[in-house]
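Below, each structure is written out as structure tokens.
The following pair of complexes shares a single chain, chain A, combined with chain B in the former and chain C in the latter.
So, the complex of A and B:
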């Protein structure tokens, strides 16, 4: 879909208000930090910086009861999310959703993810400049993945349609848009200074001594994987009721950075060393996933660096590795 | 008695009809037999009849306790047989089950031993401890398709004679195949007549034909790594060796990442791998 439209700047808030009237509108809002939240007043939307958390939690819930046992049988408490429109989503986070779609919709599809994801519409917001000093999305092969994409052109927004769903949505709100024969180019997609990871294929540096300072600084806290838009490790836990014979099977986010993550019966831990765990994350993001899916899992948002308590900058670390 | 129907809350989320079956939903089945094998190992037979490959596994659920992966030791389509060692909460709780009790399973999952694909070969099976269980699944298969295979050699080892699994089958296996048993230690008061020492010692002494043979292994990582070394020394190549990797699978559908071995997911790409697929065994 290459159709493009333009929107007068003054039309943006009325457009968003109209969306909020019909759907649940979710956009970046400044609270304690900038985060995605349901908004009814578009004046509260903050597009100045990268939201601290990605969209992950909206589709892949961080805590979800997937099965209930009533003492006799199991049922699945599967509820479909309401129709939601996400606005102000950066290219990295849009691709984060794409990669999570690949994980949860490929092979055996995950119905809990589908229930959250299906009725969502993604409206992107292009970064005219990198919103964070740790952005490195230019080093990843990101795709145009959105229903609609907004490019800020000062007086007006250039709006790119990315799907049939986006086209139908735009038609519903067509009074805010003006048709244009402009076609979005690579120049429009370009973001200055974000091609920071110089080593595009890291398969050759697994044994490089350059990992050591990063591993030494790692606390195995899992902040990186929690903030990551694509990390998808999870636990399945049984939570028995203390009152009766019922029980719940809960799915919760987990992290490959935690020592217990690869523990097997008998107590043996396969990735016991912090180095193995640290490298597993980086290699899953920048090497392993690509082997199966043709694209790196990482989208270059840099949150794992921004949110790391010891600010481990693996992008610089890998760039500085000597052969 | 309610006189007025309550207006439905606008926020009520509607339940959705599933277009695909829920991969996390287990199926109820009954225990048809509980049999103790050794002091810490037992066999469960379940009313479920699954079509599966030798080496595949099921996820077994006990409500209020949890779920864990267990390898299948029976023949496809017959009553599901699970051989379980008591090593934790789940396996201890499963040991309390008796005939008629309810248990829940989902599966089968994973890639098993490529027994059908390797028709015409000599088979070498090397098992240690409860690792013999999935190999029993292969034996069940080849017993029914004996003419499809050449020489069949079994090398099974346990800690002590007490720990030997499937004793009731040993005589039959001895008649049909070349069965070698060994124990790590043999206390004086037993009547065990096999070898004393590691499985790998038997393997070293055995005469193996490297051409037209494949080895199927399951056991402790150290044992499998040592056995692979012996096979290599005898001229076997990595692509003749198949191992079952031990990882703790949670989702079993290639999502949760617990069982990753580099880029491979043990639950869907394994648990049985050709030796070179996972670059050897991590001890």
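So, the complex of A and C:
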């Protein structure tokens, strides 16, 4: 679907207020930092920065009770999310959602993810320029993936429709939009300076000595994978009740940067060394996933660098590796 | 501290974790305090809503902190709070170890030596006049964590420990399961809680090298992590020190901050980093 519309700048906040009247509206807000939150007053929305945390937690929840046992029977406590509209989502994060959809919704779909994701509508906000010095989305093969996408064109927004759901939504709020026969081009999608990762195929650099300074600086704190819009790893725990025979099975986010992540029965740890763990993340993001799914898992948002306490910049690190 | 540092091993062979059986349905559990503030034993009691259920499903045979009559033997599980700081502590501990199948170090003092072990890092003449040893007939020895003297089988870390961790430990042993030790850094829970990282605002947070399981309670409340649960098995302390130095903290500050709770459990190679800075002692 390539239909485009335009929206007068003055219409944006009334449009968002109208959405907030009918749905739960979630958009970037500046609190102590910029983060996605439910908003009712569009004046609070902040589009100047990349939100520090990605959208991930709204669909793939951090802590999910996936089974309940009452002593006799198991039940799956599926709780469907309300109708939610996400506004101000950058192209990288939209592709992050796409990649998580690939993981959780293809083949045997994950019902817990689906229950959160189903009634969501994604309205993108295209970057005119990179909001963070660590953005490198231009090096990845990102797709148009949105229900609606807003391009900031000064006096007006150019609005690209990306799905049937987006078209129907736009129709409901059509008084804010003007139809246009413009078609979005690669020029519209271009963002200056974000093709930072020069090595597009990293499969040959696994044993390069250039990893060492990065590994030495790594605290294995897991900030990178927690902040990553695509990382989908989790662990399962049984939480028995003290009071009776009942029990819950809980799913919680995990991280390949942790030793515990590959610990198996008997205490054996598959990726014992920090170096193996560090490289595993980069290679899963930029190599292994692609081998299986045809697209890199990483969307180039740079959060794993921005949020890394020691700012390990693997993009520069890989670029500087000598053959 | 050297002359007292010999470890009394528990009986050889694999640790036998007792389970409730049909003939012996209730595990015999004790709670003891050595030198400490009793805050860890209080953490047990802070489980007010569950405490009645607790005494129903386990046999609390000894808890001298709250009870006068205690049977001080045949423990399936024994929780020990505090560290060894007197001859009397040491004798109590050794006696209890012999009477216990699974010994659990409860809280930071038992685990690392924590704040009271700080004395090890200064010269005796700096504190000698403050000791109330003589008039109480206490025979003072260098404060050390419990495993300097006896073998411990499990640790519940923290200053104080999280009351829920004590509960889930008991829930596990009653169910015949071996409790898991949390070995991920505090950052895992902190980031999951969507906290803005305090290192970014220049605070000397020790979360990346500190064992979590506390749900990052300090950072949730706006305070940096001081490392009360001790270092993770995987802590990259040299990188942590370098990071804090880049943020403007001196080696001396970092050392003192890390010693506060990690105490005597700071790995030797880390002490070497600090010694290289030519700081005494």
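To be clear about the criterion, the second predicted complex is superposed on the first by the 323 of 323 C-alpha atoms of A that agree within 3 Å, B and C clash if a C-alpha of one lies under 4 Å from a C-alpha of the other, contacts with A are read in each partner's own complex, and residues count from 1 in each chain.
Everything below uses one rule, namely that contacts are C-beta pairs under 8 Å (C-beta built on N, C-alpha and C of every residue); 3 or more make two chains touch, one makes a residue touch a chain.
Quantities reported herein were computed from a predicted structural model and do not represent experimental measurements.
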Clash or fit: chain B and chain C on chain A?
fit
Tell me the contact category for A:167 with respect to chain B and chain C: first, second, both or neither.
neither
So, does A:262 touch the first partner chain B, the second partner chain C, both, or neither?
first
Looking at the overlay, what does A:35 touch: chain B (first), chain C (second), both, or neither?
second
Taking the superposition as given, does A:46 touch the first partner, chain B, the second, chain C, both, or neither?
neither
Partner touching more residues of chain A, chain B vs chain C, is chain B
Is A:249 in contact with chain B, with chain C, with both, or with neither (first, second, both, neither)?
first
First (chain B), second (chain C), both or neither touched by A:80:
first
Is A:199 touching anything from chain B or chain C once the two structures are fitted on A? First, second, both or neither.
neither
Quick check on the superposed pair: does A:227 touch chain B, chain C, both, or neither? Answer first, second, both or neither.
second
Superposed on chain A, how close does chain B come to chain C by Cα atoms? Whole Å, please.
5
Once the two structures are fitted together, what part of chain A is touched by chain B and by chain C alike?
240
If we count contacts the way the header does, which residues on chain A are in touch with chain B in the complex?
66-67, 69, 71, 73-74, 76, 78-82, 103-104, 107-111, 115, 232-238, 240, 245, 247, 249, 254, 256, 261-266, 270, 280, 283-284, 287-289, 291-292
Touching chain A in the complex: which residues of chain C?
50, 53-54, 57, 167-168, 170-172, 174-175, 177, 183-185, 187-188, 191-192, 194, 196-197, 199, 207-209, 233-234, 236, 238-240, 242-243
Complex contact set, residues of chain A against chain C:
32-33, 35, 52-53, 57, 62-63, 216-223, 226-227, 239-243, 252-253, 255, 258-260, 274, 307, 309-310
Report the residues of chain B in contact with chain A in the complex, numbered from low to high.
13-16, 18, 20, 22-26, 28, 63-68, 87-88, 91, 104, 246-248, 250-251, 253-258, 260, 262-263, 268, 282
